[in-house]
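Each of the next two complexes has chain A plus one other chain: chain B in the first, chain C in the second.
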Partner chain A sequence: MFRKPRRPKTMEERKQRQIDAKLEAPHPDSQELNIPFGLSLDDNLALFKNLFGNASDLLVREFSFGARQEIRVALVYIDGLSDTNSISEAILKPFVYRSLSDDKSPILPESAYPMIRDWLITFGSVKEAARINEVLDYVLTGCAALFIDGTSQVLIVVVKGWKARDVEEPKAEAFVRGPRDSFNETLRTNTALIRRRIKTPRLRFDTLKIGRMTKTDICVVYIHGLTDPALKDEVISRLKRIDTDGILESGYLEDFIKDNPWTPFSLLDRTERPDKVAGALLEGRVAIVIDTTPFALLVPAVFSEFLQAPEDYYESFDYIRAFRWLGLIIATFLPSVYVALSTYHQEMIPTGLVLSMAAGREGVPFPALVEALSMEISFDFLREAGARMPRSVGQAVGIIGALVLGQASVAAGIVSPIMVVIVSLAAVASFMIPNYSSSHAIRFIRFPFLLLAGAFGLPGIFWGILVLLLHLASLRSFGVPYLYPVAPGVPGEWKDVFFKAPRWMMDFRPSLLRARKIRRQAPGQMPGPPGGSSGEGDDPQIVSTGREKQG
Partner chain B sequence: MSLERGMISSRQVMFLVTNMIFATEIQFVPALLTMYAGQDAWVVVLIVTIVGFLFGVPIISLGLRFPGKTPVEYGMDLLGKWGGRALGIFLGLFFFYVAAVAVRELADHLVIAVMPQTPLVVFIALYVFAIAYGVYLGLEVFARVSEILYPVFLGTLMLGTIFLIPSLNLNLLKPVLTHSPLELLRGSLTLLAFYGEGLAILFLIPCMRRPEQAPGLNMKITLLLNIPLLVMVVMEVAMFGAMETSRILFPSFELVKMISVAGFFERMESFLLAFWVTTVCLKVALLYYTAMISFARSLNLRDYRPLVWPGAVSLTALAVLVFSDVTQAREFLARSWPLFGLSVEGGVPILLYSLALLRKKGVSWRGRQKK
Partner chain C sequence: MKRALKSMSVVKRLCLVLAIILLPNICAGCWDRVELEQLAYVTVVGIDRDGPDGVLVTFQCVIPRMLARGQSGGGGGAAPVKPYTNYSVKARNVSDAVRLFEIKQPHKALFKTSTVIIIGEDLARKGVIPSLDFFTRKPALRRSVWVMVAEGKAADILLKGDPSPEIIPANNIRTAFQRRQDVTLTSSVDFGQLLSKLERPGVDPFMPEIKLAPKLSGGTAGQGETSTQDQQKDVKEGEKQVLEIVDFGVLKLGKLVSFLDITESRGLLWLQGKTNSGTITVPARGASWASLLVSSKRVKITPVISQDGFLFNIDIRIEGYVSSVQNEAVDPTKPEDLGRLEEEGEKAILQDVMAAVKKSQEVRSDFLGLGEKIYETDPDLWKEIGEAWRDEWLPNVQVDISVNCKLKRTGLAAGPVQPIP
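Let's look at the complex of A and B:
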């Protein structure tokens, strides 16, 4: 008698099983391949080739070596992922030399494997694997696998090397002063760029693999003993919860690990600049570096951070931080305030201005709200078109924008000139926000504010501000309140929010990151006039810092 | 990972409570004070600064006597289980009523001053939605928002009044102290009734991260409230004269109409009114939160959130029904409110505090500090 398999009792259980079955189906390599290879080289190779379905990029080189060519070996790697130079230098050449050497004694099949492992391969990183899925993982990440007849062990030579973009200038974050290197698509290069800046063994890279198909390497970077361990654990546990087929960019992770999934505001910071990552790590944050993308994630992130550019910290005097807050306000509210004033509160506009506005609006057939909405929408069209088009076409988009939307629409009497000014000013102000991804949210919330202004005037705008602030204040990024340090207010830390204080004033790390060591530097380093008698006159003195600079 | 769930700082309590009292005070008190005390209204403000401070002392010591407990919970300790529940329901209804009055005031003002064509209920519903949203998100959240908005509002208002200095006529403040002590006392009672809304601090003290900072708050709140009020009252009297101020419906609103900066920023009253309305929203959010907490604690609910949205509908309805028009609202604030407000705001803490002292319940703050 066959007993029926236990039927799932609850609806949830049944659903869960269905989901599991669906997820498992397209991944045959996960469980059933967790078996060792056989002893025969031909069988193993056939099995391996079969798995790849004779894909053209799987290279299999079979050869024999020994004085009488008695040992058969096969080298398997993926073309383009492994460094062919290393393969010929470190793997193939030793075999040839061994075959050509004067030692004519035959090699026993059972001693071949240890000999190859310990003697022949002249490459630094060598690993052993026995199970099919292990070998698959290695080969797919660019290692070369050496199959040897008569043993089920497979020798893995880590000769990863593929065509990667060089370390170039950051493309998405423009700046004048500051280091010019940026991340590229290779995880190791990126971690090296960080390590080059923070030379302490306490800089840790915890690696995870996420994505059933893509098996993307994810590095959680933090400074041990400085970063709050609870924060690091939270990041890792949130990452481990992800079960999906592929991670192609940091944005995929972002959606999974955000605290509040329903917000237009970005709760994580992303950057392609290693100096920004290093700065964040030194504050006690955690960085998530992802293979195959130059964008690293920084958590936790607070709102005020999106108005900070790394360059602020490199230029010693900087008034622009305050201007960015002003720009933020203008980008968000200027069009809606214009609509509110011209629709409901004309008395607030000075007489001279209101006359010229009225003259400009003469003949415009739309109410101010429709005018503003259509201008805003067409501006967003233009921006998006300009960003997506190839550069040569992009110029044409710019010309169309300037001529058609600006001049021609005014000349045709569809839009008043002052509206063009208002919308362009708001657009320019929105470009002042250094963080591209977060400026999306700002651009988006202009539309509800326009509608509120059109419906209720200034009270409507303030109602919107109230709701917006309530929403922002309810957000958290990995437990840190999003509006920190403005609310909850920590006035002591405003020296990095509304303006940037000189470096010697910032003795402490941000307190809410709960860094283990809150003090960042020795106190009282405000530079003064040279003390003592040595500072006199033109007498040049060699100042030794006592520390060698490392190249 | 929650770092400080449900916890607020003493700074936030300061701004919450100040904002709550100031928001309605600023709009109605100058007219009421000049009605009783004429050009001596500023003396009343000074009196209330002292009396209000003394008024705050028992309230804060009561809150500190029962750490981590709301008045409903120690009401249960002091009055018995059902007595405490009755007290909780009563306090909840009181705060609910005050919240409805405040919503009605702001909607009335918006309709009268900015948008006479819009039906009252539109503004009431709109703002009650924002308030309920804030309360639903929690005390922490609207505490943070009031921490941002209130200082900015106060700063804008005070900055604006600087530009009024040239047009003031200080002779209107003379003669000084011609009113009888009785008139001054009636004025003080009116002001004190607004001041007594600070009773809600009893619901905030258990949520404070460092309750030991609460005694210092009394002085801060008193000063933060009364200095701006003093400025506004003196300016209104010096601008319009005492008689006129007592007749104007919203003297502060009329005052900011006079602001003119460099001949360019003029007629800022709509802007400041809209801003003021958001601070009233935060006030109502605190009152409404207090009411919801009282109800939830009395009904033995673990969370107050299920009550928020149904309560919001009732709040909208009550705010529409509570007055027939703005004249009635002002009559209520001038005649009934001082007695009604003060009897609850003074009666409840004094009752609880004396019971706590008599029955030796709770731990006295000083005693705990010595340990």
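Let's look at the complex of A and C:
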């Protein structure tokens, strides 16, 4: 009597279906649009306009041509995304000339399409499309679609051209010596900047589209035959797994493809400098370049990399690398060590220092821990306010902050002067870390360390270091241990960790990247004294001219 | 079954490792938190005898707040602020005194900042070991703290000692030791050295002596009538006396037996390896004086053990240069004149060393460490004579001193400046 209930699908399947339905809602159904256009121009245009809901930036230019205006054509593009110059020069003008030409024989509707495709349009890049969703995608990325009456084929003219920022100096990575170009928001410009540096056909750009609505172009860049294919495949497979409505910045991707989602340390390197990307590619790494953002991602990334600035490689003598490690230690531990020493281990402080520290703390109403925490927090307030405010206001924030934090709080006796020195030294040291994202992590881990120091003194700090090292050692970035080459000790590769060896010493690429060609350069390129038969008679002509001049 | 047992032991071992990692956290915790301003920074501890059994311990503490004020506003003739204060405590022993000290004032005593322990003469004659026992056991006090013996009472040194030119007396002492060590004026003895000498066979420790300099008439008296009151006794600023660190007090088996005079002290210093330079002022051709600056020194003491007794060959080689000649007739560029100066220098050093050896024999305290040389060369012999060394053997040892002085340079000028008529 009862209708047999339909066999329910598994929970996962049903859930998946629900999620899909919810995600799909605002999009035009791709299945529904995966059909060819009809033959009637009017129907096609109506369909297209309907899809856009008469959006004001969708431009439809209908015209007819031929000796007797017998062929009706419509040009559809999005205003602002396409280059209007090219449209008028390469598309509209030829039609006008054809109409005005002496050839008065009528054009047959069947021959119109091949004629337009093959010789009427004087633009380099022309494609054909037939399905609605295809055409839609092209139009939305800035191409112009040419609908021709009587055919369901649509000609796509790639006249992309929008207002883009010029190639400018990198804003987030300052430097003194090095190339001054940086990526901008256009993917093609960015890939071109990389291609300009690596002139080999083996440089490959594998393009994906991610984001149901943004349809962001994402280029996986690698050097074929050099980069470990497994690494490249892993990157692509991780990217393909992403199913979201939009990718607006590389940070969106970073969150999705990180190995350990719960770590404050950044497991990918990001940069807006093409030279850094090129350097990473030559090491055998993979770059992910994303449309609409100047920041490219580099994978895999190891911890020591965050203390390397591209400039290190351009200046031949570099002692600052060691200072950066020192700065890292100071930025992380100085405030907590101060708190630990001053509240638990006063015996460890030199006599003169402990006396002046005590003199400074005289009358300070808070314990050292509270003092340090409040200073650290207010420093973060200040930094954040300075970064977010419009530039003109930002300066005022900086001045007031410096006065309030540095001078007035000491004068008011709320904070001891040594604490100001300690906190600002740690702050300056944290700014020394070239990588902005990882300096965030360093600033963050100061707080747990402060609490540990306040609660347990030095043993607490050591315990914290233990946990921190365990955590760092457990991290991996695309299969490469995060502390490589220090923690899986590869002593031969320490040429670029605590100091930078001269270029001629770095004959090999990092081994854990498993590059197909491990050797980077010919060995034995250490410059020496002029070789060959050095001596008096080596270059008699120059010697003799010299003598003549003297005489 | 076996596997289960094994895995259990692994779990146990892991727990053990975790416990070992976590337990040190309990060593320090919020419960021992002391803020910097809640500490009493003891810079000098003075220990005196008080009655037959008691001690009078004086703690000199810095007041950091005053220190900062003195540094910042000290320039313009403002009233001088005394950045330290003295607390004297009578107690049964030093440990007791520290407890009473912490009752007397609110802060916790921090001995890390201590520069010096001064032992009063009375107590030192009674024996230094019992009163220092507290410090040998206390981990907070470093072995590098200097130990000195006061002529008179240690408390007087602390109460009446004038801190100028520094602002706290301990700094004066520190500076004195750091500077004067180079010029053979005095030598510091730290707590660790004292303890190790006390426990080594055949050597007696010596300690630098600190005393209040005799008052100069006029001087600073009457200037600083605006006096601040000391914790214990009213000592007016004007009554402050300059501290002098000269000479040494020598111990015998842990008890002070005598103070050395300046010649003996220098003799002691010549034989010590520590000092490398110093000025010797010698007669230059009878009438006037010449000063020689010693720049390097090598001392070798070799014992010769024979049937008759002990003979010590003391060989001192000194290099130096002429620092001043007040006699126009002496021309250091001439080898014979230079040779004469060298001889005079040798003679002066010889006298110093002889005086020290004599004193050692006289007070029967082996502060020169001669017995140790015998212990080093013949430990078996030492076992026999060690007990009676100081009283029976030391007064009778023979000493053969040879001094070799070489003058290498004459400073910036070769001969004396000659006025041209």
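Following the convention adopted for this analysis, the second predicted complex is superposed on the first by the 521 of 551 C-alpha atoms of A that agree within 3 Å, B and C clash if a C-alpha of one lies under 4 Å from a C-alpha of the other, contacts with A are read in each partner's own complex, and residues count from 1 in each chain.
Rule of thumb we're sticking to: a contact is a pair of C-beta atoms (placed from the backbone, for glycine too) under 8 Å apart; a residue touches a chain by one contact, two chains touch by 3 or more.
The structure presented is a predicted model; accordingly, all values stated were derived computationally and were not measured.
Look at chain A after the overlay: chain B and chain C clash there. In the superposition on chain A, A:469 makes contact with chain B only, while chain C stays out of contact range.
Once the two complexes are laid over each other on the shared chain, residue contacts for A:488 go to chain B alone; chain C is not touched. Of the two partner chains, chain C is the only one touched by A:368; chain B is not. In the overlay built on the shared chain, the residue A:342 is in contact with chain C alone; chain B does not reach it.
By the touch criterion defined above, A:456 reaches both chain B and chain C. By the document's definition of touching, of the two partners only chain C reaches A:357; chain B does not. Working note: chain B versus chain C after chain A overlay, options 42-50, 96-104 or 132-140, clashing stretch identified as 96-104. The intersection of chain A residues touching chain B with those touching chain C, taken from the two complexes, comprises 344-345, 347, 456-459, 462-463, 466. Chain C meets chain A in the complex at residues 21-22, 24-25, 27-30, 32-37, 39, 41, 62, 64-65, 67-68, 110, 112-113, 115, 140. The touching residues of chain A, when paired with chain C in their complex, are 342-347, 349, 351, 354-364, 367-368, 454-460, 462-463, 466. The part of chain A that touches chain B in the complex is made up of residues 230-231, 234, 344-345, 347-348, 350, 456-459, 461-463, 465-467, 469-470, 473-474, 478-481, 483, 486-489, 512, 514. By the touch criterion given at the top, residues 1-3, 8-9, 11-12, 110, 114-115, 118, 123, 126-127, 130, 133-134, 137-138, 140-142, 144-145, 147-149, 263-264, 266-268, 270-271, 273-275, 277-278, 281-282 of chain B touch chain A in their complex.
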